[in-house]
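Labels for the chains are A, B, C and D, by order of writing; each one numbers its residues from 1.
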Amino acid sequence: MTDIIYSEAEKTYILHGIQENYREDGRGCEDYRHMEIETGVVSNTTGSARVRLANTDLLVGIKAELGSPSPDNPNCGCIEFFVDCSANATPQFEGRGGEELATEISNVLTRAYSNSTSLDLKSLCIIPKQQCWILYIDVLFLECGGNLFDAASVGVKAALFNTKIPNVTVNQDEDDMEIELSDDPFDVQRIDIKSAPCIVTLSKIGHHHVVDASQKEEACCLARLMMGVTADSTITALKKEGWGSLNPESIFEMMESGKNVGKVLNASLLSLLEDEEKGSKRKTVGFLK
Amino acid sequence: MPVDSKRICGPEITKNPYNFLINGNEKGELIINGKRRDGRKPDQARPLFLRPGLISQAKGSAYIEQNHTKVICAVYGPREVIRKEDFSMKGQITCEFKFATFSCKKKRGHQQDSEEKDYSVQLLEALEPAVQLDKFPKSQVNLYLTVLQNDGSALAASITCASLALAHAGIEMFDLVVGSSVRIHGNEILVDPCEEEEFHSNTNIGVDEGGVVLGLMPSINQISALTSKGELNFDTTSQAVKTCIQNCQKVYPVLQNCLVNSLKEKD
Amino acid sequence: MATSTICVPGQRILRTDDDHISGNGTYTRNGYIYSTLVGYVFTQTNDDGKTIVEVRSSKTQNVVPSEDDIVTARVTNVNARFCKCSILSIGKTKLQEPFRGTLRKEDVRATEKDKVEMYKCFRPGDIIAAQVLSLGDAQSYLLSTSENELGVVIATSETGGTMVPISWCKMQCTKTLSEEFRKVAKVQPQFIEYSS
Amino acid sequence: MAGLELLSDQGFRIDGRRPNELRKIQCRLGVFKQSDGSAYIEQGNTKVLAAVYGPHEVRGSRSKMLHDKVLVNCQYSMATFSTGERKKRPRGDRKSTEMTMHLKQTFDAVILTSLYPRSQIDIYVEVLQSDGGNYCASVNAATLALIDAGIPLKDYVCACSAGFVNDTSIVDISYLEESGGGPELIVATLPKSEQIVFLEMNSRLHEDNLSKVLDVASKGCKDIYEILDRAVREHVSKVSHSLATTD
């Protein structure tokens, strides 16, 4: 995490607030901050999205490229996560400074998506054992204001929703296969994100836990539990993180609230994306707001 | 990605012969008549062998064997932090987790791949809460884990092994950390899965297929590591976590005994 | 008083009460004393009648330099402002790997600090006894020799012969009888005990 | 010209622009809160974000510190999805390093460096989408970010590219026009004092035409200056207005 140093008094202030279910910005323990999502912001990607969660700002770009499937999984396409922390967010990320955090985030994302139910990877296969789509999902952090994991997962899901892979026809000659790409921008394949997970991070602060911790709250937090939660409230990934430990009861409590929060988060994200799609005449503003 | 320039590498593209198995990826049922393929009951862990102190030049070391899963761990330090960027006033631990190149069905590289790096981080997070870091300010303790043979549950075994090695090295700890893993297969929870039972993201279809790894400090009842993979229902997950905790508590006395015995033997 | 009870990390030793205090190798949590090491439990009664519970491991203790520790170090580099040393042992414990230390000019002696000339106090290769002043910075620990008992203990002359102290600031080579300047330590008997 | 006709007989370019017409420029100052100054610029399909931190204490090794002026530290990186084909690494490759150096040289020349001795100013540029003229957009974005950060400058720095096709100079060339293989001239100027701080030319161009192309590019810089200046004034008036209302 980006380093912030707070005095003990400040930490106690945050801690006491959380005990009363009242956080420094007036939220309750299970409330998210204001989130803005916009899809289709980078025109030369297959799918893209920008998420701004309070002052966490990120851009997700997905590029679909043709490649050969992994030998373990010849009938499926692949997804690859890459996270980059731009030095725009904080000078600490200059050069390779953000790499550690970036790997951590991409590992959690990979973990959340590493099951065959989240995404239908079979639909990305073109010719079994030979050709498939590889989705490069690149997350670029532009500003860090806490809760990067959740924001990244929301961005990924939104960008996947926005992804339009050109349809492909395979012409088979005797032993030669020819792949033809459709250049009609409406003749495209969409990705079903109904069962794609969102990550919910629960930060343990004092004896309570909160979702969507701000940067200040993250500085007070000893341990957190990250959960990949789908709309059906199944769990696709769990990961305890941080240098503290948790007792079993609180883990079960955290999982319970993670499940509930995740369900709402997924539902509202989907309805928002569908609304945006319907009113797609709206001009994209990107960073020009 | 740095390229390994010190070794002469084999051909760039080789294929794993196991891909050509006729039923390569469909392994059939994991449970037949209430028994697992190696004859264990679902809630039965494999026999455990533990031995501290076999690497003499290390400050502490330990070896763990669960049938064919074999892990060795060495602890060095507390020593000075060499890299200036890593400096912190608090004590630090570093973990390097490596599968020996010959340890898995698939050949492993000489350099850490992303899975091994991920395991290193998970190990570190499992152990950090247990170690009294304030006892060695400005210094670091280095842990090196090598999986000599991987037959499933390598991470769980490594957690146990590493905490044993730390205790052997005399690093002050709040408690030992015991690792445990389960495989969730439909309604069944398989304790201590072996390689063919382990969850692989690509082959298993459907909800309630996955795995959970947990690290517990039994005496103070704190969970220091928890990770899961695969899509699981909420209740299954909590059940799996509970099973892991129970299993850790079963292993804990073995760990304690082993340390006590090793101390007795020495005197 | 020693008992033959063996403890492992995380093992509950006993309840804390007014009479028992947790000592080295233990910690208290929720009203109990727990062990942090593999070792034997020792109890000791201190002056005000309380019992200190300790766990001592048979291994050499893991030590890192901390403030006020007396350390033995080898001088590796001398310049006009400070000298660098590598700390070889802390108290009685020999370190497996050295730690870096710095001895600044103003910490060489207690009096006439501004008149210290580093080159007349230390030479690379000297073995010194010093005290840890503070944990210092990222690079090294900060050392001090500003006591009579601290300073150069073992040194060789330019020709390579061993030197013996002839005053608090001079040493003499046993071979060539040439004299060299050093900040000489007035070695205390307990230090000699250490090295034996 | 190979294959593509970059300039039609009617005098229009591929994207429908006239030879001396810039792409649409949209920009915004103060995009982010955490940085001391930030700006976003869109020049057609080229989109660049810039953030400025500082002046602050020199980070890292103290040997970099300059005793008489501020250290200008730049980093140019491109989002992996910014280009047509996916980039493997966002920075650290040769082209990015070169671009970083060019940016540093450019801004060393315009920042009043002697005002902040022994300090450092960071300029981070992130290309979100690239469609030609990355350097120009980066310079323009960084200028706006520096202004947003309140760092004293001699003048705006405006950069613009120009090409030469069919005896006609074309201004602000896009990726397609860049990759056509024709000459490409990139210039960064101080519009008020009409000084050139950076000039680069690739490929072959007849000596006689150089001044023509340069004129077109300098004109482009001045046009960009007008746009940037308007954006800055708007931003400042908006900010001061909101300040006035909050009082």
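Just so it is clear, contacts are C-beta pairs under 8 Å (C-beta built on N, C-alpha and C of every residue); 3 or more make two chains touch, one makes a residue touch a chain.
Just so you know, these numbers come straight off a predicted model, no measurement behind them.
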Chain centre separation in whole Å, for chain B relative to chain A (CA means): 27
Length of the line joining the C-alpha centres of chain A and chain C, rounded to whole Å: 52
Inter-centroid spacing, chain D versus chain C (mean Cα positions, whole Å): 59
Interchain centroid distance [CA atoms averaged], chain B/chain C, Å: 38
Sites on chain C at which at least two other chains make contact: none
Numbers and ranges of chain A residues touching at least 2 other chains: none
Two or more partner chains touched - positions in chain B: 130, 217
Chain contact graph, described as a line, ring, star, complete graph or other shape: line
Pairwise chain contacts, counting only pairs that touch as defined: A-B, A-D, B-C
Sites on chain D touched by chain A in the complex: 26-28, 31-35, 38, 40, 42, 45, 47, 49-51, 53, 59, 73, 75, 77, 79-84, 86, 90-92, 122, 124, 126, 128-129, 131
For the chain B and chain A complex, residues of the former touching the latter: 15-16, 19, 25, 114, 117-118, 121, 125, 128-130, 200-207, 209-210, 212, 217, 221-234, 237-238, 241-242, 245
Interfacial residue positions of chain C with respect to chain B in the complex: 6, 8-12, 25, 27, 29, 34, 36-39, 57-62, 64, 66, 96-100, 135, 138-139, 141
Chain A to chain D touching residues, read off their complex: 42-45, 48, 55, 57, 59, 61-63, 65, 82, 84, 86-91, 94-96, 136, 138, 140, 142-145, 286-289
Of all residues in chain A, those that touch chain B in their complex: 70-73, 76, 103-104, 107, 111, 114-118, 121, 195, 223, 225, 230, 233-248, 251-252, 255-256, 259
